[in-house]
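Written below as structure tokens is the structure these notes are about.
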Amino acid sequence: MKTLQDHIDKLNKLNFKEMYENDFFLTWEKTDDELEAVFTLADALRFMRQNNISTKVFESGLGISLFRDNSTRTRFSFASACNLLGLEVQDLDEGKSQIAHGETVRETANMISFMADVIGIRDDMYIGKGNAYMHQVSDSVKEGYEDGILEQRPTLVNLQCDIDHPTQCMADMLHIIHEFGGVENLKSKKLAMTWAYSPSYGKPLSVPQGVIGLMTRFGMEVVLAHPEGYEVMPEVEEVAKKNAEKTGGSFKRTNSMEEAFKDADIVYPKSWAPFAAMEERTDLYGKGDFAGIDKLEKELLAQNAQHKDWACTEDLMKTTKDGKALYLHCLPADITGLSCESGEVDASVFDRYRTPLYKEASFKPYIIAAMIMLSKFDDPAKVLKKLEERDQPRKFK
Amino acid sequence: MKTLQDHIDKLNKLNFKEMYENDFFLTWEKTDDELEAVFTLADALRFMRQNNISTKVFESGLGISLFRDNSTRTRFSFASACNLLGLEVQDLDEGKSQIAHGETVRETANMISFMADVIGIRDDMYIGKGNAYMHQVSDSVKEGYEDGILEQRPTLVNLQCDIDHPTQCMADMLHIIHEFGGVENLKSKKLAMTWAYSPSYGKPLSVPQGVIGLMTRFGMEVVLAHPEGYEVMPEVEEVAKKNAEKTGGSFKRTNSMEEAFKDADIVYPKSWAPFAAMEERTDLYGKGDFAGIDKLEKELLAQNAQHKDWACTEDLMKTTKDGKALYLHCLPADITGLSCESGEVDASVFDRYRTPLYKEASFKPYIIAAMIMLSKFDDPAKVLKKLEERDQPRKFK
Amino acid sequence: MKTLQDHIDKLNKLNFKEMYENDFFLTWEKTDDELEAVFTLADALRFMRQNNISTKVFESGLGISLFRDNSTRTRFSFASACNLLGLEVQDLDEGKSQIAHGETVRETANMISFMADVIGIRDDMYIGKGNAYMHQVSDSVKEGYEDGILEQRPTLVNLQCDIDHPTQCMADMLHIIHEFGGVENLKSKKLAMTWAYSPSYGKPLSVPQGVIGLMTRFGMEVVLAHPEGYEVMPEVEEVAKKNAEKTGGSFKRTNSMEEAFKDADIVYPKSWAPFAAMEERTDLYGKGDFAGIDKLEKELLAQNAQHKDWACTEDLMKTTKDGKALYLHCLPADITGLSCESGEVDASVFDRYRTPLYKEASFKPYIIAAMIMLSKFDDPAKVLKKLEERDQPRKFK
């Protein structure tokens, strides 16, 4: 078992200077050492919590949350991460604010950031908008800090944009690393990121994109599978290809779920909307054409319904490596016979993996807390050491 | 006057081991010692706050709040209790979450609980649903803790279900104990828990049920009065009967408000909907029959209107012991001539008891904080001792 | 540059005893020393935050926020101020509460205040209602404290009422003081508080009223300019006149924006609705006459549109002192060509002053925190000294 010193030693071997006072947008904008630092620090924070050592590093300070899309998990994960470190979450509820009255992004961003150490944003519904908005916010507060308006530069954590879902995918990856006993055991393992049928439409592409953008960095044989017409962003597939080449793994695409699942060590069947359709919806929304959006929705549901066989069934699971591939999902899943008639996965399969699925989700607060710490402290290893020496109990002893 | 040591000594005489890592659902699931521990600890926490001694026992940690019904008082009481102990409240707003998309109770419960030390739930609108839901949540997180998903087992506090309203009724009881100078002075006192007319419909039964389920444990002569057709759950009446027998008091039912009020030492006139009607509404809601719910509402309002004489008037108060019975209400009350034309109580009566009514309400945050402490610490008496020694001011000195 | 000791010394020369356990409603209810104390303490708190010294003075305690009107800035400023001091914000969301069911102001105020150290209220939409409501709340909790219901007396901070907007105007004033290098440099400076065209209607009068009610206390030549029909409350103009006489400045009114801007050192062009129209809207709202409110809105928009020339243009700015008057706005502004076709200010003017505008806004959290500290501690200078000695870092070192 690892001690805190093991984590500290590991951090001290890595170079992640660029993370200090910097944002976290896309995993492929980060170096291998930087990702490794997030994983290591996440594990360290979890270790400390399990051992009742307080990781409170702020006496005051806000973590701003801005959700432009529904969320349970990530909202709670962000709040949990902030709370772990001593930051208080203040939510920007665009319904209660004056943003409708013509405030610019730059103005809003600064007006809410006077005491903000970190800003977490989810903006994933419209192609080309979400990640762009996050950059606008980041640039605004960076400028505000440089102009002497803000006493600190709030750093951004991407809680899901139209391109990537880094907190989710890094939690998924840390889970995989733990399940397989270390990155070194991942070489040549086959990971199938596949589309799956869902009776609801318009699920963001940031999960499959995030998965292929990240998980091709560990020497695995990654396969992206989906019916024709369900392509993801070509730019992200490029990133995946290059990652795979660099690490001696591979990245392939196929239109066959069976081919992807065959002998896979890890499977991640999850629905998403076609990239082209999401772009169209963004256009229609920009024009205020809600009738058009309804019509598009019906078309997409009909299109989805042609691929009900794209489901993670018991039979399909049997074709994986020893019939025991690690089944992953970001949740909530559309479970056949439970949450819907036909869905992404058989109820018995989901049920069998419930504990590891919840385990997968449990990494997210620590991943977010690690991202925050790395952006706010230039020597987190030293901070961990001092926290260990301070030995303040999280829960009174 | 009591010192902190008095409270510590009293706690040390009680056996409440079963409360540690356990939930608080219904008062009649708790032993006399366990209830006594809640009262004692509530008083101790109040004493410490009055003397500017910080009772912060968590450096981080969340108290999840889940309100499936409107609330001002209990929402603020739960937040106040958590804040007193160092827990941060994170509200699960089912409007903002993804629960509509097919997440199971088990999944939601675990997904929000990674850093949760306690979960407070109010779910009182549908007979047979509320308390059952709370148990589902509790079982889910207990399982998650045992499966290694959660680092701690979040314990549940019932902030009102369809059966009981323990935080309210225990605050009411502690108020009674203080007003009468001790439990020993309650023997043979007459308490009238009566129905009262209200122009609004569908008020939960959990208050009258909670009152008769709890206050029959102190040797008092408890009378439950209501018009025919306004019966509460027979199971709870059974509990009340047995409690009374055990403690040498009594539990009677009558259809006469006058009979209940006559020579009473304590009166608690409050409206509620008939149990059978609440069951029917639950059915209609399950079928999505909102027209049926409207029709039922009109019937109930008409039925209520036949009993406008069931009001706590000055004349009725005169018939109590020395005309000075302690008047109780969980608030807000329907006050004749103030908030409505005809209501539960005359304005002049309500006005005369305003200070003790607010005093009654003031116990709730401390009751909740005590319930939380008893579920999170196996030796709260020792914790109090150490807090006294730590002597950290709540407000900077 | 000032040290913390400079601020402490300054505070020790002032008499602000009356602020302890007292509310902050209108700036003109406070003495010069009291306002000076707020400015000094705000600067001190900012100094400490810039130097990573924690100003946490509460281990627990709530700051209740009650917003009866939309807000981004002030909501976040209040939350930031509370967080800086260690208070947790609990928002009274009147949508989620039971207030609709007949709870009185007195009852609600006490029910939410058991652990409240401070209450921040914004209620500015209805003439004669907002400030009155705040007083009701304050009287209620003062009574609750005196009756032994509350362990502490929650003090009120006015986050904008129908009469004044003290947190905004004092932030504006502190900004002016910093920009001009000290109060002594303000003597004889000309400040133009002028109306400006806006395509939206019904903006509150509390900003122009707050400005003339406060900024006439520093020996400046204050000019209030607006088209006929846009008068503010006569009582506030009286206050402004008397202030000016007392401090050797002046207060004039004019119907010419040009006259106000000519040779001005400071300009504050901002739209507001006519006082008489706001009174009429309050009446219509009281009668539930929403058709009448719509009709009134159309009339006011038409009336506004007759004065589109009341805009802070580049040409107008050129007529100010050296063409370089300090341009102020409480934000958000209606910016011609950016947020609307015709607005309060040219985009190029607004742009040029963006940094000082954001700087102006940045004072608000510290102003609020200062108001809170002065109401909760009888010797804040001593508290600052001890915080300096405690030397707890805000952010872990």
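Chains here go by letter, A, B and C, matching the order in which they are written, and residues are numbered from 1 within each.
We adopt the following convention: contacts are C-beta pairs under 8 Å (C-beta built on N, C-alpha and C of every residue); 3 or more make two chains touch, one makes a residue touch a chain.
Computed from a predicted structure; not experimentally measured.
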{"item": "Topology of the chain contact graph, where touching chains are joined (line, ring, star, complete, other)", "value": "complete"}
{"item": "Degree value of the rotation bringing chain A onto chain C, based on Cα positions, nearest 5", "value": "120"}
{"item": "Length of the line joining the C-alpha centres of chain B and chain C, rounded to whole Å", "value": "41"}
{"item": "Multi-chain contact sites of chain B, meaning residues that touch two or more partners", "value": "88"}
{"item": "Chain B partner contacts - residues on chain C that touch it in the complex", "value": "57-62, 88, 90, 92, 96-99, 101-104, 107-108, 110-112, 114-115, 117, 144, 147-151, 376-377, 383, 386-387"}
{"item": "Residue ranges of chain C in contact with chain A within the complex", "value": "46, 49-50, 54-56, 67, 70-73, 75-77, 79-80, 83-86, 88-89, 200, 331-332, 334-335, 338-340, 355, 358-359, 361-362, 364-365, 392-396"}
